[in-house]
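Look for chain A in each of the two complexes below; its partner is chain B in the first and chain C in the second.
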Partner chain A sequence: MKTRKLLALLLLLGLLSAALCGCGGGSTGETAESKPTDGSTPGTEAPGDPQGAADHPNEITVGIAQDLDESLDPHKAVAAGTKEVMFNVFEGLMKPTPDGDLIPAVAEKYEISDDQLTYSFTIRDGIQFHNGDPVTGADVLWSIRRCMPGGEADIQAVEALSAIQEAEYKENTVTLTLDQPNTEFLSYLTLAILPQGYDGQDTAPVGTGPFQFVSRAAQDNIVLERFDDYWGEPAYLEKVTLKIIENADSILMSLQSGAVDLFAHLTSTQVQQLGDAFNIEEGTMNLVQAMYLNNAAAPFDDVRVRQALCYAVDRQQILDLAFDGYGSLIGSSMYPAFGKYFDDSLTNYYPHDAEKAKALLAEAGYPDGFSMTITVPSNYQPHIDTAQVIVEQLKEVGVTAEILPVTWESWLNDTYIGRQFQATVVGVDASTMTARALLERFTSTASNNFINYNSPLYDSLFVKATSSGGDEAQTAFYKEMEADLTKNAANVYIQDLADLVAVRKGLEGVRFYPIYVLDLAGVRYTA
Partner chain B sequence: MRRRNGFLAAGLVLTCVLAALILLGFFWTPYDPNAMAAGAKFDGPSLAHWMGTDSFGRDIFSRVLKGAGATASIALATLAIGAACGCLAGALTGYFGGPADEVLMRLNDALTAFPSILLALVVISILGPGKKGNVILALGLVFIPSFARVTRTAFASLRDVNYIKSARLMGASKARILAVHLLPNTLPVLLPALTIGFNNAVLAEASMSFLGIGVTPPDASLGYMLSEAQGMLFAAPWYAGGTGLAIVLMVFSVGLLGEGLRRRDKGVL
Partner chain C sequence: MKYLLKRVLTLLVTMLTVSFLTFAAFSLISGDTATAMLGTAATPERLAALRAELGLDRPLLVRYGEWLLGFFTGDLGVSTSYKQPVWDILASKFRLTLCLSLMSFILIAAVSIPLGLWSAGRRRFEGARTALNQLGMAVPPFFTGILLSWVFGVGLKWFMPGQFPDAKQDFAGAAAYLFFAAVALSIPRIAMTARMLRSTVQEELGKDYVRTAISRGNDRGQVLRRHVLKNALPPVVTFLAQTMAEIVAGSIVVEQVFVIPGLGQMLVSSISNRDYPVVQAIVVILALWVVMAGTAADLINQRIDPRLRLGGAA
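Up next is the complex of A and B:
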């Protein structure tokens, strides 16, 4: 009897370690069994089967990693994941393009007065909302006013709109008058235009985009259909189902079983395990990933120490070890997707050179290196992986680094807002499509200058950049600011992370943007 | 002559072998457990790498040795705190009884009512994550109630037996009665409790590190490695396999030892 008991214990232990290995937050074991994966015939029953191109319905299922905000009203959306997919349903007067430009959308054309104070938009002829109502000047004005600061509490106010002095419309022309010129004003007019007086926006949103909302089952899926009266080039697919898969372990399963045809933001390890049924499209996450250094805290208040770290870190090796070679190297607070603002000559300003690093450390008074702590938000595995490689690389020059994983909330409060840290590995993104969104934070007085960067030259360049009228001159100043960050080794710049999208073979047309959106209008079957 | 106690013998041998390996891991591992190699990512088990390599090209066997060391030392320290505090509280309340007994045991019940991992999570969130000492403290606290209960029952049941009464009549001090007369006689109950406690502590540390609040990277611990392994189950099944095996072996060997001790003391073979 006792032996049997012991055997049962042993079995239980085996089971426990298996269960422990699968308890990342859901019943993965079950999923694995109910959806058998057969490597030889990947996804034969999937709607996206390339062999039966003529028979399959013109629709796909897209996996997303989190449920959308409770309200689908775009003016109330908070989560990046919500804005990412609802990009397909809503449009503003202007709309971003994959190249980082802005094109008129709800507006057909616009004019800016010579003093750069008056903007007049002509509403596109015959454009209508998903419910069939035409878009009027009243709708446009109402939508813009709704987002101005000081409105309803749950609306995400757009600060820049407070510059609007007067707003009016006549027939199909909307005129906005500003109190002072702002070369970046157009980028804020990508805010969604909604029908005035429609009160179902929270649960059944209506916009003007290439896809219209059909239904939503909370925590399970959102169904979109092609909007046939779209003003522009219509979407290729008739129907897209957004399937919410929160458990990271189930992502692979659902892709391989054929339940999901497209999934964005995968890790290189996940991609490696996918097999032949998928094409991997590589875009960028549009983040400046760096080991941010507290420029006000010893020993990083010495520029030589910061430069030494830049030389000590082998960034290509980070990509190879932690990201399977994916990602694009950067040398300043700007990523390549920003096109004209990106200065590639800064990328290799600090080539990997351990000897130089040691010499600089010795010069700065640390011939035997020092100890430091790298704070990392623990919910971002890519940053933890990066930090692990950095720890190893710093050993070579005698610097002992220790990783301190913290929760996202504590990172925000203590590291970002409280500025209590030595070094931290994170990615910083741009909220709007302007260089200013990335560079303004390092001016000495900026409230979000969490690294305490202080360079008088940088501050004066920023003033010149924002006050210069011409786009070309402005771009030149922004580039000088980037060079200043690099030369002073403000941070150990690493990379813009790769955004890996798995697309079932037989599908194509995923477009990448310099902002965080998933454009489904171009996705189509090749056959 | 007594019959051979197979459980005890097997448990002793296995535990000693594992303990020797863990001790070895503190001083020597085949590779530097944190050294990365871009050319050796996801290598399967081979003669050079007995358990293969992980996503950074680190040798998994070396990491399992180091990780088992971290896990075992945390488990032992946890056990020391839990057993010391629990036994003291259990012995005093069990022997003396009275209102203090009632209050302490109800407090004990309240602690037990929390799922242990949840309680440890709360303690960690108060003390702050990322420090080995805090993990030990949190887990130690969680382990106090079970030891207190076991010890209390043992002491309470022996309190009024004749040889204790005699000792009391002979004028032995309370401390002497507790330490010399009672404690040795509760060992048959305490020893299995200790081995079971060790196993629970190993699993608890593994769960904590698995959830990302135990040992911090790049240092290895079995639980943290297992959580890393889960994301690579298809690319490197040997990672989860080797790490899981180490946990199972550790718990199994001490489990055998505990079972052997229990049988010896009960005379069951």
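Up next is the complex of A and C:
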């Protein structure tokens, strides 16, 4: 008798869970619908008819390995992964092109005075935010002022904007006056223009880009829709769902099952397993991958030791062993996609030479080598693979290196901010499309100079570069700075990693930029 | 009544302890909400300013007290990473994980109990059965998950790995998707439960009352079901309650493999984001879960075995 009761209980449990499943599913739909109303956004509308949208052919699902788990306000967002996606939603007065040039976006045109101190921008006629409001001079000025240093703590201040002495607008013309000429100034004006007085940016962002934000479900997906009132060439796709898939095996299965149409930043191993349903586009990650050395910590405070490591590491072998040959070698804190700023003559400044490395070590007082620790954030497999190859290569010259895998958080806290490390393998990116974004951090007083690089020549070159009026002179100074980093062996420079993007056959139009973005506006179904 | 009171008290104490320990653990590990928010843009000055803004510079106990006050007034706070109310983020994930866990629990109970009974009465192919059982216990759910996804997802296309269907539009699809995840999650537990039941049943079978019952002419199967099972079940039910708690831990991995937007992935990511309002909420949910599973096991055992009843409660 009792067993029958037990059976009944089990049955009840089954029914209960079935009912709950119904609820569970229902609620996922609910959150997608209720989300925009939460943020009380006038512009972003809930996906009106989910069934209609599901049947529509003109949409794709893009896989991303990292969630956009922070504020979506472009002035607050920190993670490269967030900026990469939100590039499609926001625009500045200017916007970058795949070639590395800048073109007017929110501005229709601009004029620079002869003394290079006054910039006047004409706001594009009829341009709208995603919520339907027109873009005004007040919005532009507010957006720029919001990012000037000394503002709120969670806003990412743009140091270069402190050069603005006066800022004003009249009708649809915004005028900015600088205290000294700065040829790079325009590239900082790619900073997103947002509607003033709208307080939902954190969760329901509103910009002027080709795609508008629809919804975000934590650790699940982000939905973007084409902005039909876009001022420029509209996006081809009507809807893009960005699906968060962190597990490496699941990434492969999602591509092969047809759940995901496009996935960027794949490893060469993943690409080889993909089969022929996909085209593989190859770009660059736009990172300076290096074994960064703490220039203030023994034994790396001796330039000869740093140079010895540069000679000891065989970078081509790293590419061959850990990256199936993909990637482009670099010799300083600059990668090839930067075009005119990249100095290829530095790439092979330290050819692999174990004998020379040993001689330098002996000269520096380490004839028998030494022991060192390489700190590596353990969530980045490419960096771990690289470090492993380096460890083997350093054995040849008598240096015993040990890898210390740490979480990203403790890397940030102890290595990057605390500067408590000997060597670390990571990739450093550029926040804007300027040489300054990569090079300023190594000036001796920069707060993000985590390697404690200290070269008076470098500092003086940086002052010259930022104050020189002409583009050519400036470029020359930046190249001298790169050479200074190389000659002093500031770090063991390795490569700019290859960016392998899997695109389902039948889709085309992936565009690569010299900065870390995923431009979806050009992606389309081939006719 | 007394029993109920005792249980509620246990629940409260567990939740307080667990939530405080979680809170305290956050101040021990490297990095806090401010460093997580600022990332590589962090400078000592900005960190200090942001900490002041978020109130992180106040003593631990004050912050915990504040959280506790919010919790008891039904306010779980706002996620520091997503800037959304915690419950808005967690509600759908909670239901999904609950579904997945219940589904695999039912699978475990429904498969392992008959399997254990069946295997207890038989001595044939014992070696093979033990080997199979060992294999079932040893293969980790993530591996089974990948295997199932390849075979039934990519190969046979019974479901589409990476595309969890909206249950509102496609209930069968969502249920099927969850089913495969539940299978991956259940297999080791099924093997363990079946093995446990088998050994307790065999132990009971050797006892005098069974011999007496059978020698008096009772049917062997009937003895097994009516008398032996009743005595063999309590330890298994307790074990199943533990399983219920452990399934949730296992679901973290399985959710990742099957790309199911449940609590597991959320817990992992909110820990690394130092998003303590979310972590606290999930931890409390899990504590509640564990305590409830234990209570359920107690109640069921008391039904099965009257000797376990306390003062006529339940």
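What we mean here is this: the second predicted complex is superposed on the first by the 402 of 527 C-alpha atoms of A that agree within 3 Å, B and C clash if a C-alpha of one lies under 4 Å from a C-alpha of the other, contacts with A are read in each partner's own complex, and residues count from 1 in each chain.
The working rule: a residue touches a chain if its C-beta (ideal position, glycine included) is under 8 Å from a C-beta of that chain, and two chains touch if they have at least 3 such contacts.
Note that the structure is a prediction, hence the values are computed from the model and not measured.
Novice: Report for A:243: first if it touches chain B alone, second if chain C alone, otherwise both or neither.
Specialist: A:243 sits against chain C, while chain B stays out of touch.
Novice: Between chain B (first) and chain C (second), which, if any, makes contact with A:391: first, second, both or neither?
Specialist: Only chain B; A:391 stays clear of chain C.
Novice: Which of the two partners, first being chain B and second being chain C, lies in contact with A:437: first, second, both, or neither?
Specialist: A:437 contacts neither chain B nor chain C.
Novice: Quick check for you: in the superposed arrangement, does A:65 touch first (chain B), second (chain C), both or neither?
Specialist: neither
Novice: Tell me which partner A:270 touches in the superposition: chain B (first), chain C (second), both or neither.
Specialist: first
Novice: Determine, under the contact definition given at the top, whether A:378 touches first (chain B), second (chain C), both, or neither.
Specialist: A:378 contacts chain B only, not chain C.
Novice: Give one of first, second, both or neither to describe whether A:320 is in contact with chain B, with chain C, with both, or with none.
Specialist: first
Novice: Quick check on the superposed pair: does A:214 touch chain B, chain C, both, or neither? Answer first, second, both or neither.
Specialist: Neither: A:214 stays clear of chain B and chain C.
Novice: In the superposed model, does chain B or chain C contact more residues of chain A?
Specialist: After superposing on chain A, more of chain A is contacted by C.
Novice: Based on the superposed arrangement, let me know which partner A:164 touches: chain B (first), chain C (second), both, or neither?
Specialist: neither
Novice: Across the two complexes, what residues of chain A are contacted by chain B and by chain C?
Specialist: Of chain A, residues 2, 6, 9-10, 13-14, 16-17, 20-24, 249, 407 contact chain B in one complex and chain C in the other.
Novice: Given the complex with chain A, which residues does chain B contribute to the contact?
Specialist: Going by the criterion above, the answer is residues 7, 34-36, 38, 41-42, 55-57, 129-130, 203, 206-207, 210, 212, 216-218, 223, 226-227, 229-235, 240, 244, 247-248, 251-252, 255-256, 259, 263, 268.
Novice: Can you name the residues of chain A that touch chain B in the complex?
Specialist: Listed in rising order, the residues of chain A that touch chain B are 2, 6, 9-10, 13-14, 16-18, 20-24, 248-249, 252, 267, 269-270, 272-273, 317, 320-322, 324, 378, 381, 384-385, 387-389, 391-392, 402-407.
Novice: What residues of chain C sit close enough to touch chain A in their complex?
Specialist: 29-31, 35-47, 49-50, 52-53, 79, 81-84, 88-89, 91-93, 95-96, 98-99, 102-103, 105-106, 109-110, 146, 149-150, 153-154, 157, 160-163, 166-169, 171, 174-175, 178, 225-226, 229-230, 256-259, 261, 265-266, 269, 272-275, 300, 303-304
Novice: How about chain A: which of its residues touch chain C in the complex?
Specialist: 2-3, 5-6, 9-10, 13-14, 16-17, 20-31, 35, 38, 50-51, 54, 61, 63, 67, 69-71, 78-79, 152-154, 156, 202-203, 216-221, 243, 245-247, 249-250, 253-260, 407-410, 412-414, 416-417, 447-448
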